[in-house]
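Chain naming follows the written order as A, B and C, and within any one chain the residues start at number 1.
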Amino acid sequence: MHVNPAEILYWSTMLASILSAAAGVLDARGKQFDLFGVMIIAFCAALGGGTLRDVILDRPVFWVKDSSYLVFTWLGAILTFYLARWIKLSSRWFVVPDAIALGLYTVAGTHAALVLGNDWLVASFMGVITGVAGGILRDILLNQEPLVFQGPLYATASWAGSVLFIILFHQKTDPVAATVAAGILIAMVRLLAVRWNLVLPRYREKQH
Amino acid sequence: MHVNPAEILYWSTMLASILSAAAGVLDARGKQFDLFGVMIIAFCAALGGGTLRDVILDRPVFWVKDSSYLVFTWLGAILTFYLARWIKLSSRWFVVPDAIALGLYTVAGTHAALVLGNDWLVASFMGVITGVAGGILRDILLNQEPLVFQGPLYATASWAGSVLFIILFHQKTDPVAATVAAGILIAMVRLLAVRWNLVLPRYREKQH
Amino acid sequence: MHVNPAEILYWSTMLASILSAAAGVLDARGKQFDLFGVMIIAFCAALGGGTLRDVILDRPVFWVKDSSYLVFTWLGAILTFYLARWIKLSSRWFVVPDAIALGLYTVAGTHAALVLGNDWLVASFMGVITGVAGGILRDILLNQEPLVFQGPLYATASWAGSVLFIILFHQKTDPVAATVAAGILIAMVRLLAVRWNLVLPRYREKQH
């Protein structure tokens, strides 16, 4: 049996959409949102970062070209919406899948910017946007301060992996190998940071 | 006297802009916004959904091409701003015009996506975005949880009418007839839901 | 020594990016944001308005084409982030640079819209968006009501200067002279309004 690496990546991203949507829905707990509201939260959490990337890079928006992303995102959202009534779902179950999704989204965003000929700073920023902007949009809709600014090395992990991918890309490394390497780096940094609660320096003005 | 259906639709949309702007301004009551703030709220409420649709579909933004939309939106906003100082305006007066505006915006958004060759899922989502995203942007600016996620069947009405329009569109129904049918369905579902307080299932996690 | 006016404008805009970023970072005081969060706030405050303008006008986003904007914005952000730990920085120091930045951004946005052939209403609105939307995005991320809607003639100054620039542009005035005139008008109106606390009429419904 022959397996196409591009197809593995494609279906991994779909799986990431389902999981990000589910995690986004769990974050809306406590708010009295209706089913539609939950679907919009899931859309932002799962597809918002990539949408922003495509709009800024003036590419066709990915889910407009391929609506399977909408199907899988909303499947994940509706399932979680009803499951959460019967089963006590824990946000902690999503830490590992979320770290993997962060890796996949970051690499996809970085790659999209690189093939358009952007320099490393723009490409790595687009990778981070693709990885984390969905969570920021979700928190804006939930009317709360973006958690991603406070969590353990979320954006930092994304950025480090993006830079690794850019280096490997310019050295003409096999794309699959580069994706796996950068993805693993991102997921590892994020999970180790969660495990040992590593955070970036916080902003605190000297008190007088 | 001959009346062009396209012109009726055009002026209906302008009227919808005025009314959405007025309703948006009333929603800003209680916030200490100045005239400029009120104009931005009105802009988001009336034209925000269509702007998002055009950016995502990579079409020229409609009010950049035809600035009459800005003129009518701000006319509605400024009038309401000053009228509200003298007359007790009630948000309830806007329920019927708002339901009609929801219908017009949804059909316009769905049609724009269909003529670009998008599939039904993308087209109906763009219809809903055009219809409801303005209200979401308004609530984000007002720093409150989006009401559209909690109200009676707002987005659901929009989506149902959008799907009806798509079916009629693919059956090559006369565009005016399809617009009227979908618009009436949206306004009716919305108004009946408001009347009997029909809502989508709310999100509530099982308590332990 | 020959100095190119276009280069002066270019470096002025870079300086404006540093100062807007620094002011944006100071606004985040009291929130427990980490370094990455502060960099995103700075990005929105300094480059958010221009990004929105470019997306709406369907132009290539300026900092994607020239990543120096990112470099200078983040330089300003990181410096302020660390300086604020040791020195008591005051927001008041930024009132004058901020007024000048408002002028530069507004003129740049108006000019970009005019050369694409837009009418005066769209061009002046794009000028205002370029000047003030960054501050609105910053406040949305900080989860607070946009200050720009309440401050002394912030958007009004921007709009007045934009209209002056449009008049001079259509009279084929030398672009540098038009930029300086409009920029000075904007900074003066803003600073005088701050000095004497001039504000637009506030929104207040008549009490019954």
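Please note the rule applied: contacts are C-beta pairs under 8 Å (C-beta built on N, C-alpha and C of every residue); 3 or more make two chains touch, one makes a residue touch a chain.
This one's a predicted model, so the numbers in the text were calculated from it and none came from an experiment.
Taken together, the touching pairs cover every possible pairing of the chains. Different-residue interface: chain A and chain B share under half of the residue numbers found at their contact. Averaging C-alpha coordinates per chain places the centre of chain A 30 Å away from that of chain B. Within chain B, residues 55, 58, 140, 143 each touch two or more of the remaining chains.
On the chain A side of its complex with chain B, the touching residues are 25, 28-29, 31-38, 40, 51, 55, 58, 60-61, 63-64, 67, 70-71, 81, 84-89, 140-143. Chain contact summary for the complex, chain B toward chain A: residues 55-58, 118-119, 121-122, 125, 136, 140, 143-146, 148-150, 154-156, 159, 199-206, 208.
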